[in-house]
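Some notes on the structure that comes next.
By written order: A, B and C. Residues from 1 in each chain.
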């Protein structure tokens, strides 16, 4: 009897398999899928980001009725930071005519890069992904404003040099890089090696395997032995709070520990308690709820119960990062509508829109984000803009402004990006040459 | 020539040059070893009594820690939350015995091993559903665990011992001692050892299998709770902790699957060996060798003593 | 009534000893192949082929590999992910060194590299048995994972540490890389998997398969009757790793299109092990059934709520999916510890005597 029940259940499952709708109908509206990770070891970083992204786009729907009168359809696809699930999400959303992809994981972005040109869906990997994709001539379908990981590393060196009394004073010093042993973590290494040659400092690498993210005592013992003068933290998820705690444990001076912009979550610094005071993190958006755009989100979305964000988490660093990402998406859609003349845009229109993106200070003020972020501009050959960031400082309870805007070392970064793009195209035989025309920026 | 110097001489020179770092490394290894052995202890308990290799021990650690922090965040005072969590772990043990172990009585070991895999998946989904995927801070100070460090200067540098690590070592030793006494001296402990030998024989002398299994899974749950508190206090409580449970396997190999003192000694050997190896020999090979060094140590051990240091000899007959 | 062998006479010994003596079995295989070769590419959409069928075939091949080792020879191995990785990286290095040679040759050749690595890590199996051997293979898993990340030679020293698949053609049609169409890649994978399954079937039904099963049942007795344990066990490791290596190369070259070292971590090993145990140890059909259950069922579960119109958040669906999969694994083990293949066998047995109960 039990056996029959099981066989019946299996048959039912098989029937459901056949009945699964494998194509979806394209609804009326601009479809923006968001790849999220609310589960898994990186959920601590992923949840506030996707909250911010979803809330801003939903706010636009509620307040303005969408962009240009067309509603935005926001849908999350859970990847758990797993490449396998990310690829499956991509296949699933592809049929619904998305206008832009937000993989939110360097590991998922890398396999999608060759597919973007074939499927004609641009990828917006805001300040993550492949640094070399800033070269618009080799990667016409990939965009990563406002700054690449190489810009970030160069800003770190510029800041360190500034504190030492000049970039030349870095000669003979030791600079340490604590990074997640994954493509994301390895990104800044080529630039730091080039700068080490130029400025004469010694670069020491401390990789943290993904399985040992919460067990970093060896790496920090090595740091205790080597005594680097400055440390750059290229971490994500559960790696960051452990790193900050270990740094506090070995009494490393916090103001010499600088995290990149993904190591600036409130949950990264809070667990170390008072020991984390003075910890710095690169940031290109401001923190807090004191901006009209955040107030609007609170009014139209969070207070009306249409958001998954708890109210006290609105305005956190990574939440605002997500909001900024959605601001870029929304402005890209707007520019795409202008450049193509259509309201219901496609992926190709979105590519042109992203390529002519020009968010000026006046525009930021218009949308209620005055001072929220630095203005950014994208060009046909430069899909990044290499914009400035500032240092946020953790004062024990929240992030505050720790420095002025720091420009990246563009003269060092740009040639490296172009040669890396050339290497990528050379290594992948048959990489298509750019045939898309360049629209004039408005 | 240079290579031989690097492998055989240089690390010892480094050890001599900076003895404070050597002591620090040894201490870190000891702490890591104690924490690994806590996880291994849970494995050993269940394997000793039911012959099941409980792959779900890792997720039980996370689940216990999350339950504790979850109760606390809902406003329940720390010690009451602790008591409630112990009750929850008892409930979990009861449920596992009733729904998973009883229907699978007398199945081969690999089937039971697979069933604990299913349990792992279930607890992952259930834990994320109830508590959310966000990492949480362990309520170490509210439970009375000390904060801060004890630093003392030695030989040109300093050695800092975190107080929470000292507390972890003490708690682990107390637990091991208590469990060893439990198994040797009490009636229930004897019944547990009888069940580990042979289920059928234990049944025939009147030992209730279900009762024993609930007790042993509850004990493993308590160990998981202690482990979760200690690990969580060191870093944070998140699902990334579950992967660390795999590190307990080399400890079990070294110490033997059925020996409680073996778990501790094996844990310390693996922990110290891993840290010293990574710190002094790691940079030669490209660093990050921690991930596999423990397994290689265990493998080498296995080749000479297949049952581990304290395990029972495997006798095969035709 | 349907599955009877009544009326089917064998007139020579070779027909009598054939692997599929019943006509119905052969017709059944023919139908399955027809569906796979004609119906699915013709009627299926891109999602079905790209995200369901290709990975299903790749995982089935890996499950067959692990089944040969664990199911037929009784050596529990947790290093499957690493052996798949060896195959993938070997294929990548071979095609970057010799870009003019056909990629299909390299995919198959990469299996030999994987087999060599498998033999090396299988050497402890002579001394260590049972669960301890699993830990030895875990050493292989972690060591090889470390190699893929930390030894830059494997990924040609490129900056991101990930390998990209170059475009390769066969008779002028691109079969790897972003320009290859779904159907082309599906046919390549299908062809290789079918051929290797046929090879595996011949292996396990022959002398070598019987040697493996003897070792599994009681290796001391097997040694006493003259089976050389060293060769048999190492052969099992070699063949199993060969299959896993080819599966790994197919995974990267035909499905993902690129790979980072985290793809071949210990979770992949456990994933394939689940498939083998749920599907049934010691059964090739079981490998396919297990791969279907473990891989396809979560996808189906994820799409049921939107299909039925229930508004649940994707993250919640993910959590519930984990819970259901976990509960299903325990349920299947309770109902039928020998796996889905045994259920299939029982089903066929019932069909033979239907409508009678026995």
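Criterion: contacts are C-beta pairs under 8 Å (C-beta built on N, C-alpha and C of every residue); 3 or more make two chains touch, one makes a residue touch a chain.
Not measured: the values here are computed from a predicted model.
Taken as a graph of touching chains, this assembly is fully connected, with contact between every pair of chains.
The chain pair with more C-beta contacts between its two chains, of A-C and A-B, is A-C. Computed centre separation for the pair chain B/chain C is 33 angstrom, with centres defined by C-alpha atoms.
Once the centre of each chain is set as its mean CA position, chain A and chain B turn out to be 36 Å apart.
Multi-chain contact residues of chain A (touching two or more other chains): 38-39, 181, 207, 209, 211. Multi-chain contact residues of chain B (touching two or more other chains) are listed as 128, 133, 246, 287-288, 291.
Chain contacts: chain C has residues 146, 149-150, 266, 315, 318-319 touching two or more partner chains. By the touch criterion given at the top, residues 2-3, 6-7, 10, 13, 16-17, 19-23, 36, 38-39, 75-78, 80, 83-84, 87-88, 91-92, 94-95, 106-107, 110-111, 114-115, 117-118, 130-132, 181-183, 186-187, 189-190, 207, 209-211, 308, 420, 423-424, 427-430 of chain A touch chain C in their complex. In the complex of the two chains, the chain B residues touching chain C come out as 53, 99-100, 103-104, 107-111, 114-115, 117-126, 128-129, 133, 246, 249-250, 253, 257, 285-289, 291-292, 295-296, 298-299, 302-303, 306, 314, 316, 318. Interface residues of chain C, counted against chain A in their complex, comprise 44-48, 50-51, 99, 146, 149-150, 156, 158-162, 164, 166-167, 174, 177-179, 255-263, 265-266, 296-297, 299-300, 303-304, 307, 313-315, 317-319, 331-332, 335-336, 343, 346-347. Those residues of chain A lying in contact with chain B across their complex are 37-41, 43-44, 47, 181, 205-207, 209, 211-215, 217-218, 221-222, 224-225, 237-238, 241-242, 245, 249-251, 267, 270-271.
Of all residues in chain B, those touching chain A in their complex are 18, 21, 24-25, 28, 31-32, 128, 132-135, 137, 149, 160, 162, 231, 234-236, 238-241, 243-244, 246, 275, 278-279, 282-283, 287-288, 290-291.
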